[in-house]
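Got a structure for you, questions after.
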Amino acid sequence: DEALVAVAANFAEVAEGLFPIFKDKTGHDIIATIGSTGKLYAQTLEGAPFDAMLSADTATPERLVADGKAVDGSSFTYAVGRLALWSANPARIDGDGRAVLEDPELRYVAIANPSLAPYGAAARETLQALGLWETLQLKIAIGQNIGQTFSMVSTGAAEIGFVALSSVLSPRAGGQGSRWDVPQEFHEPIRQDAVLLEHGADNMAAKAFLNFLRSPEAVKVIESHGYAIWQGDEGRPD
Amino acid sequence: MELTVDLRVDLADFSLEVRQAFASTGITALFGPSGGGKSTLLRAIAGFERRAAGRIVFGEEEWLGPDRFVPTHRRGVGFVFQDARLFPHLSARGNLDYAWKRAAKAEAGFFFDDVVGMLDLAPLFSRRAGQLSGGERQRVAIGRTLLSRPRLLLMDEPLASLDTKRKSEILPYVARLPAAFGIPIIYVTHALEEVTQLADRIVALEAGRAVAAGGVAETLARLDLPGVQGRFEAGAVLAGRVAGQDAALQLTLVDLGGMSIEVPGIGLSPGAEVRLRVRARDVSLALDRPQGLSIRNMLDGRIVAMAPEADTAYAEVLIETAGQQLRARITRAAVQDLQLREGQPVVALVKSVAFDRQALPRAPADGGD
Amino acid sequence: MELTVDLRVDLADFSLEVRQAFASTGITALFGPSGGGKSTLLRAIAGFERRAAGRIVFGEEEWLGPDRFVPTHRRGVGFVFQDARLFPHLSARGNLDYAWKRAAKAEAGFFFDDVVGMLDLAPLFSRRAGQLSGGERQRVAIGRTLLSRPRLLLMDEPLASLDTKRKSEILPYVARLPAAFGIPIIYVTHALEEVTQLADRIVALEAGRAVAAGGVAETLARLDLPGVQGRFEAGAVLAGRVAGQDAALQLTLVDLGGMSIEVPGIGLSPGAEVRLRVRARDVSLALDRPQGLSIRNMLDGRIVAMAPEADTAYAEVLIETAGQQLRARITRAAVQDLQLREGQPVVALVKSVAFDRQALPRAPADGGD
Amino acid sequence: MADMEIPDLGPLWLTIRLAAVTTVVLLVLGTPLAWWLAHTRSRMKSIIEAVTALPLVLPPTVLGFYLLVLFSPNSTLGGLWLSATGSTLTFTFTGLIVASAIYSLPFMVQPLQGAFEAVGRGPLEAAASLRAGPLDAFLTVATPLALRGYITAIVLTFAHTIGEFGVVLMVGGNIPGRTKVVSIQIYEHVETIDYASAHVLAAILLVFSFSVLMAVYTLNRRFPVHAG
Amino acid sequence: MADMEIPDLGPLWLTIRLAAVTTVVLLVLGTPLAWWLAHTRSRMKSIIEAVTALPLVLPPTVLGFYLLVLFSPNSTLGGLWLSATGSTLTFTFTGLIVASAIYSLPFMVQPLQGAFEAVGRGPLEAAASLRAGPLDAFLTVATPLALRGYITAIVLTFAHTIGEFGVVLMVGGNIPGRTKVVSIQIYEHVETIDYASAHVLAAILLVFSFSVLMAVYTLNRRFPVHAG
């Protein structure tokens, strides 16, 4: 079988790593369409032939269920994002991020758009928790998503930025720079939910893939990319 | 096919109102001062002027009517524009081919070479419009239009930018077109010489109205025409028949109906009708036939009218000779000296060289005037 | 300021090579067959032709040299184009104002009204170029150029699209410009009439070479010029002085140096130099002075040369009279009848009306020919 | 910046096809519209001209969103299309073409209109007097004289369609092999920090486009049409 | 689709300023370039023409990414700019203008070049013979005769800058009051499924743009310049 899965851009790299394993294991083909969660939502609403969605948030799958476009009860958290304050300059961030954020020499700090990207919301919460949100207002450059935010930092346009830990850890990023892994208590957990869509309600491949995401094999891959696994409301991942 | 026009064109500060029939054969000169409406009339006939209202009928076809507007390409008119309007993206040759390809080709293909030869276009073939001189452009434009084999040829001052020599080469060719291809021509010009050398009829336009129309002879003989043209070029046209040829001296004897005159050799066989324009300024008057003069044409006649021109040195004298009318323009001083009066018999002296060299046969089929 | 030109322009199939000085006053006619290079030369002088190589010097200024190219707007030349080139985005008035605003204005402002009046431009003021007739466009273009008060005026067939009447109104005005404003004019034309009425000098261009150059009288008198122009218009120019006026009969008596002739009134005071063009076809010959003729000008002379034209009915006869040369074109039949020979005394008969009406004073400052 | 292997070139072909088809479609539709605008005296002219330019002012994604809504089988248009053709306009190549054409309309119409206006009536009258009918005159006279306008229009339309991805992404849904064009692919690579692949693809795209453009301009110089 | 209250209009003004400034900057830079291209016989012409169109073929975000690299203080250009002006090109209004100008360059240059070519040398020669210097002739003759080209160029540039957001987003960093333009704002509303606000903003933008365009076209009709 074959399934068309809509994947949030930040998870695209991981997803692409998972497909071959899944194929080996089950023989099913997965085709991914990558986009921002908002766009994927609008498209699903207008009849896009997506069978499942790996969203970057929890709200969208919920909304899709409410709209009748997703199978009720099929959603679950497949990954939890980790936020990192990162600079392409290996000497810029030394230990605690607070010092560099309070540095008057700092020109720009990049974050993802808090209203679009969960990583952005988390970054804002972090800055609020640090009590720096107000003072940094004019230094905040906003990327539309976590990928753009990473671009802003990696090109040096912004000296530092709150990016996904998964991006920093990606072999594509080249492993340079300095970072501060934001402690998870600074923000709400960045839960990314997957959901089976109406279009794929009877698609074996889609269902199998969603199950596969929860398999230890998949979890290992996901974690290796810098994501955590949701342990339920009672317990926070380490 | 006759063209009848009953038109009204209202432009910003100008209105054209013309009701006129144009004969189905030969050449009609559209004549008149600059801004008189000649181009506007021509454009309306061609179907370029959407503001034209009224009727245009060509033969059986109604081109313009209350509910009818036949577009230009269906009218089959050829138009030589005042500004040549060559296609700038094509070479001279390309321009000619453009017309030739779309022509209604009944006859054989020699016509193309014919036109090219007559207008001497071959040396220009490879040039673009931008690489041609003013006169060359106009020659190509004329050739292009001829090659499209129109059913009615409209020419808007086609020869204004050509030198005298070229002009005298092309004029006879144009003059032969109506007879050769059976197409009528309406020909706009400022040059009275072109009128007399070419035209069978004149329509004079002034301020948007046809102020005079008719055969060339009658119209030119009218004394009020100078207002249109300036007095310098006015004259009269004599009709006659070829009576004989003197090959050695290159002279043709023309019989004007009783009297005969010599004109430079025109290669026509005896009996052929010819039309000779005599400019008033080329006619002198004598009381008796003088002797020992190089002027060889002496026509006995009678003064029928005399009009001294105020403010000038001249007087216009209308003479009847051989049943036709001739105009002479002489000084008022001469009138005084010779004591000329209306009714008086005089001898009109006409230098034979004063005849237009290209005096041309009237189109045989023409019964219009 | 004298203009000297030593130019070479190589175009695709044509090369112009001219080495010529143009006098600093008066009007030089640039004359020659279509495609001869007249426009190309004018464009090179104006600085439009980047392919021009050589030297152009105007007075003290080098306009073109080995390392020098003065752009048009710094040359201060006015150019009347063969195609009027009005600015289509401006009204006629706007076009005039455009020039007037940029003119070097030393004198008072009456000049504007002067030009407008002479060319009768006021009725056209509000029209756009697209709303003007061909002749009207050209009139506006002439006015526009005059209003820019150039230091050198280049005119490319400015009057070709005008009717005879208009032309005869505008010609005298153009003729007066060099004297009135001290600017020389180079004037391209096909019409010999315009040459004689206007020009002080002629430069004849053929196939890119200057084939003849000099004073109007000498150049036109040359028997080989007809090759350029066609024989019909050839003639000679007589120089004389005003001897007296007959106001009642509107005649002016001109002294040719011993002999006198009458011409239509030209309002000049006695003593003024004048130039009169006599076309060969307007001159008749007589063995003795005839009587009772309306022709009043009889000049005693002697035949100095005679050239029968093969293939035509004509012979050209060169006559010396009053120390000047006159040409007559008569039939070979007349030569036979009158038994004319070189050296023979004859009387040249010239209809006074045959003089150009606009026979004009030579520019007083002109010592060029 | 690890692997420099050549990325998947499928989206590139899809893009070229899309750009080519869109350009052709717009040539066919834009030419009569531009011609009409250039020659009409209708009072509607200014309105139509303004409307023609409007697709530009919306952000592509937003325009894409509205087109998505318009094309969706839930809408009247999309529903009609579905019942007429059996397939949807959304998430199909056909839909991409329609969307691109709408978005790029001004790039086609505006330069053409300007070129037709510059040609004017003169040459058309000349052609008509040589028995060329309107279509004939249009093809053999107006078109070559407006060549420069066509080049501008084609270049802007083609290049813009290649680069565009906001509308395409929204309406097409980024489905590999069907609606995933190279602009989206590059965009994805940048978004997913796969800069190496992005560089390679961008370079290929630039070289390809540069070659096409150079060819167009060189041909135009070789066979020029000058108004002067 | 809940609240219909008017959204924050700050970004709209910023957008209009950006579009206006970009258009003016491109008018100033694009005019001489288009003029040169229209009149040169240089062999470089085709190359420059092709290069001019290249910004279009890259997806805006990707172009934005490369501009970000180019403008970043770590780069030569960005570094020079920083030391010369004391502020960066990235994440500033100035940077937005530069980026928009680069992206919209073809929209300005191509129609202008076409219009200048259509005007030809004739009218310029006439102007020069009336003592108009090159600049004078350019302003008083070439410009009005190329008016239609200017309108096309300005409309395409202005409208496109208004709608563009890929480049702007990347280079500008979406900083409220400084670089947050309305296209980003609408985009955000669509992405966050706040369709009501998106509709309102899009409607405002469309009405505004339509009015501007109508005004331009109506003025152009009122004072037309025809080549024929």
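Letters are used for the chains, namely A, B, C, D and E, taken in the order the chains are written, and counting of residues starts over at 1 for each.
Convention: contacts are C-beta pairs under 8 Å (C-beta built on N, C-alpha and C of every residue); 3 or more make two chains touch, one makes a residue touch a chain.
Because the structure is predicted, anything quoted here is derived from the model rather than measured.
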Least step count from subunit D to subunit E, where 1 means the two chains touch: 1
Angle, in degrees to the nearest 5, of the Cα rotation that carries subunit B onto subunit C: 180
Reference subunit C; chain at largest CA-centroid distance: A
Centre distance in Å when subunit B and subunit C are each reduced to the mean of their C-alpha atoms: 26
Separation of mean Cα positions, subunit E and subunit B [Å, integer]: 59
Centroid spacing, where centroids are CA-atom means, of subunit A and subunit C in whole angstrom: 90
Multi-partner residues of subunit E (at least 2 other chains): 61, 65, 121-122, 184, 187, 190, 226-228
Shared interface positions of subunit C, touching two or more other chains: 83
Of all residues in subunit A, the ones touching two or more other chains: 39, 42, 148, 151
Those chain pairs that satisfy the touch definition: A-D, A-E, B-C, B-D, C-E, D-E
Residue ranges of subunit A in contact with subunit E within the complex: 36-39, 41-42, 63, 107-108, 110, 113, 115-116, 138, 140-144, 148, 151-152, 155-158
Residues of subunit E that touch subunit A when the two form their complex: 61, 65, 68-69, 71-75, 78, 88, 90-91, 169-170, 173-175, 178, 180, 184, 187-188, 190-193
Parts of subunit E lying in touch with subunit C, wherever the complex brings them together: 121-123, 125-134, 136-137, 140-141, 144-145, 147, 225-228
Subunit D contact footprint on subunit B (complex, rising order): 46-48, 71-74, 76-79, 81, 83, 85-89, 98-99, 102-104, 130, 144-145, 148, 150
Contact set on subunit C toward subunit B in their complex: 11-13, 32-36, 38-40, 82-83, 123, 126-127, 131, 133-136, 139, 156-157, 160-166, 168, 190-192, 228-230, 232-233, 246, 249-251, 262, 264-265, 281-282, 284-288, 290-296, 311-314, 328-334, 336-338, 349, 351-354, 357
